[in-house]
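In the two assemblies presented below, chain A is common to both, partnered first by chain B and then by chain C.
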Partner chain A sequence: MSTATRSLPRTIGAHAILLTYTAIALFPVILVIMNSFKSRAGIFGAPLTPPTPKTFDLIGYTTVIGQGDFIHYFQNSLVVTVASLFFVLLFGAMAAFALSEYRFRGNSLMGLYLALGIMIPIRLGTVAILQLMVASGLVNTLTALILVYTAQGLPLAIFILSEFMKQVSDDLKNAGRIDGLSEYTIFFRLVLPLVRPSMATVAVFTMIPIWNDLWFPLILAPSEETKTVTLGAQLFLGQFVTNWNAILAALSLAIMPVLILYVIFSRQLIRGITSGAVK
Partner chain B sequence: MGSLNIENVKKAFGPVEVLKGINLEVTDGEFVVFVGPSGCGKSTLLRVIAGLEDSTSGRVVIDGQDVSVTPPAKRGIAMVFQTYALYPHLTVKNNMGLGLKQAGTPAAEIDRRIGIASSMLSLEPYLERRPAELSGGQRQRVAIGRAVVREPKLFLFDEPLSNLDAALRVNTRLEIAQLHRRLKATMIYVTHDQVEAMTLADKIVVLNAGRIEQIGGPMELYNSPANEFVAGFIGSPKMNFVDGARLGETAKTIGVRPEHLTVDPKSGAWKGTVVHAEHLGADTNLYLDCEKAGLITVLIFGVYDAEPGATLYATPDPAKTYRFGADGKVLK
Partner chain C sequence: MAADTRPKRPFRWHVGVFLAPAVLVYTAIMILPLAGTLQLSLFRNIEQHQVFVGLENFRTLFGDPNWSVNFWNALRNNTWFFIIHMLVQNPIGVMLAALLSSPRLRFSAFYRTAIFVPTILSFVIVGFAWKLILSPLWGVAPHLLDLVGLKSLFTPWLGKEEYALTALSLISVWQFVGIPMMLIYAALLSIPEEVIEAAECDGITGMSQFWKIKLPLILPSIGIISILTFVGNFNAFDLIYTAQGALAGPNYSTDILGTFLYRAFFGFQLQVGDPNMGAAIATMMFLIILGGVCVYLFLVQTRLRRYQF
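Take a look at the complex of A and B:
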């Protein structure tokens, strides 16, 4: 039915485009999850069909769980991701508050310097970082990863958060000052709750690359003790034989935590993305 | 207790001088209104008094004590903001009590003061609500209550009525006037609305471009403005300014308030045609394009029928005509 604000062809067109895009975006993920429940023969025989009673097999999952250390890898990934996220949000928000709230010499220069990291990939400095970690004895520790990821996440966090913090009413902060609140209380109790949606946005943007990263775990912390999930999954990737069941199962499992964190943040996230657009 | 002295206060943001040397004396219990066009520095001056902004030079003295370097919370002031600035995560009660709690006041005393303030502002039914559940007028009353409970030496109001709609504005204005009468406290009020200034103030400070143009009571400013700026700013509709040379006068500019002009269809001093008529019921605003005086406004009390295009003669009341020199100052 056509009304003043919508017409049928346009609605169909818009939905068709969106559905196509969704299908394309979800296809690899669904393929991974689907095939993780199939036997080896099933994966190679008909990779695009869902598991049938004949091809259904949990061998991938039993291999992964049976490998024993996988729970440990998960733990490592989770520790690194959550700790880095915490530090990125804490320091990012504090720096953003300072940049947006206080007038001091070199304020905008400092802001530019802190945002520079967005444009320069941290991996360019891998060799220097490795030397630094060797010198400070942090190789093969989760601390090394947390430090690197915190540095990697900060520029974007500061950039986004300082924009949002500028929107927090000056009157509110001044009311706090007149009531005798310290700058820390103003920051933690008044400002942070108001920029929560943007914090969630930053959290998601920061979290996903950290969880998925293979580069730094491989270089800085490849020991058995400190392996992360993405690195652990490499175990099944051989030069001559690849255990596809196990890899697909490991990847399917690896999606879960990040999905859970995303669901937690997403309610805030949507508000964060749209809050600039519609008052 | 509650006097304020401002001595030669200057404030510059980089190369931009916002306050160019302000001197002001406020005695205990006075209601002082800072008024001026936007960008005149009135809010900056208030923020310097509050301690939210450091002055570049000069002294701020509250109750005989130099507070130029005292943090805002220790100055014995309370401030009401244009945007209410209530703490969104706290209930009305906690919003009002936070300042006292920070200062270490005993809980019983805080409750007593909140009780008095909330009954004064009829906020009792809302004490457990959060700001988001209140209307604009209620929020502003909470903000005023938050100031009242602190029992400050000095109340500072920063355009508190600007975010309210017209009807609420009148009500809240009345409430602030009553509050002042009841508390007998010193209040400083910033507004760009000259009606608020006229109705509330004991003393009006007219600011323009970082300088004080004139200080005086509302009627003093209305009856004897010191210069063209004050004459034009105080009074509504605005005073008519006519080029003196066109009238054959020695003064640079002649000023006549719209209410001090009379019109007659037959004869008068300035012949003109009606451009537009605004009928407000209680009074009528006529815009006349005069041969000698240019476009002028005439305020007539009551209803006056005038069609655009009609010819009318306007005559100024000679006793209430102002003469301004080339420097804008009034000529005695």
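Take a look at the complex of A and C:
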């Protein structure tokens, strides 16, 4: 073993391992996207080569866009994700502010109660959630999904945000109070803008599981009207098992929006994980 | 809640207003249904009426061979699923993080971003993409094995009872390795420079530095990752459902508690769904997860005092 910390073989070895693993991580994604642009003969004849003018074919995409109602599913997912995200951030920030700013009896007990949901998955309550939604007539509505995802996202959001809100300077808030601002104005005008970076982190953490969830759309909102992209893709893929062009195109269409968003926000996400999550 | 603040000071309405929306939604949609599910597991639907039957549902679950065989099978498979994650996902995650955190490594942002990509994809995409890759019809997997001269090893892994669960666990590992990597990476970055310098002065460098200095300092993070993996695995459903369907084939060899719960609750093919049995299974999952969390909190957390800087 070399005793120098930064010797050349070491660096090469590190790069070799990391490159290998990067290849493993990206290979399936690249393979699927690459082959979605090929004809059937191209997919089976030479799966590992990029599309050439000879094998290039958009038949998969035309099938998907012609058959599945993907744009509608996409809208549903967007509505559910954005609405849940809004409520998680608003309610989560408000509760986090109350917990971190005011001393009242039962404060830490309340914090503990709200943190329960970080460890105990909401899925275990599905049987009673379905009954609740049936009783209130919310089955097959996007409202049901928004409510469930809001409840699901709140515990972690409150936990992370209250850590950050404790760091906001007391002097600033007290200066606001002396100037006669109400507690609501202090929260919305002074504190919220200061914790915006951590709000972005929480947003990314909350968004990914909601967008990707299959369980609740399958159980609470399986109707054609309310299908999300994840559920729609699942059913579509099940139907078209033999149409490889269509499957690969549908998979690519499902991958690309998430991938594009990820590339845009990856810096934010990674900074969030490396600063906030392990506090 | 806010009502407790009444003595001494004037009633502070705003505390209640700030807390109310989150507490209401959380209680109504999460805590009450969870309690409701635990309660439902003690009832049974007899002639359209919910009748209290005590632990009768659990007696069925463990006593009736129709249920108990499936339950133990699902629990065994789920445990194996978890073991694979602990043995493969977390060591790989730690190794990648250790490499990434080495000083002056170039392109580390690129590696980080790329290795995290699978984690953001949905199970539906991951399950199907791997199904296609491992499919003998397409021949990508055998072709790749051929390149390294191991073509004889190929079998349709997802279709064979003895390999399917392991294959799916590894797919799940592939998807989630980014999470331990990121958390450990963050923990490694937060080790103060002085500690490392002191170690270097004492001549502890390279691999032995990692084992003797860094690893003990990141143990709390490894504890957190283990419990996150535990909760996630015993709650898993989507990947198996996407890749193998609700029947978790071949011949239930990939059945885990999540898919078992789904079938009991909703029914499949000839069996009619039974919410009460579903609730009983959900209760068992609840107890298992709660047990794991308690073990973590009382044993691991109290022993691994976090290093304070």
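Assume the second predicted complex is superposed on the first by the 216 of 279 C-alpha atoms of A that agree within 3 Å, B and C clash if a C-alpha of one lies under 4 Å from a C-alpha of the other, contacts with A are read in each partner's own complex, and residues count from 1 in each chain.
Heads up, the rule we're going with is that a contact is a pair of C-beta atoms (placed from the backbone, for glycine too) under 8 Å apart; a residue touches a chain by one contact, two chains touch by 3 or more.
Quick caveat: nothing in here was measured; it's all calculated off a predicted structure.
By the touch criterion defined above, A:74 lies against neither chain B nor chain C after alignment on the C-alpha atoms of chain A.
In the superposed three-chain model, the partner touching more residues of chain A is C, compared with the other of chain B and chain C.
By the touch criterion defined above, A:122 reaches chain C but does not reach chain B.
Applying the stated contact rule after C-alpha superposition, one finds that A:251 touches chain C and leaves chain B untouched. Once the two complexes are laid over each other on the shared chain, residue contacts for A:174 go to chain B alone; chain C is not touched. Judged by the touch definition given at the top, the superposed model places A:194 against chain B, while chain C stays out of reach.
For the contact definition in use here, the chain B contact set and the chain C contact set of chain A share no residue.
Residues 1-6, 10-11, 14-15, 17-19, 21-22, 24-26, 28-29, 31-32, 43-44, 47-48, 87, 90-92, 94-95, 97-99, 102, 104-106, 110, 114, 116-117, 119-132, 147-148, 150-152, 154-155, 158, 182-184, 187, 208, 211-215, 219, 230, 233-234, 237, 244, 247-248, 251, 254-255, 258-259, 262-263, 266, 269-270, 273-275, 277-278 of chain A touch chain C in their complex. Residues 47, 50, 52, 71-74, 77-79, 81-89, 98-99, 102-103, 146, 158 of chain B are the ones touching chain A in the complex. Per the touch definition, chain C reaches chain A in the complex via residues 1-2, 4-5, 12, 14-15, 17-19, 21-23, 25-26, 28-37, 40, 92, 95-96, 99-100, 102-105, 107, 109-126, 128-130, 132-133, 138-140, 143, 174, 177-178, 182-183, 185-187, 189-190, 200, 203, 205-208, 221, 224, 227, 231, 235, 237-238, 241-242, 258, 261, 265-266, 275, 278-279, 282, 285-286, 289-290, 293. On the chain A side of its complex with chain B, the touching residues are 169, 171-172, 174-181, 189-190, 193-194.
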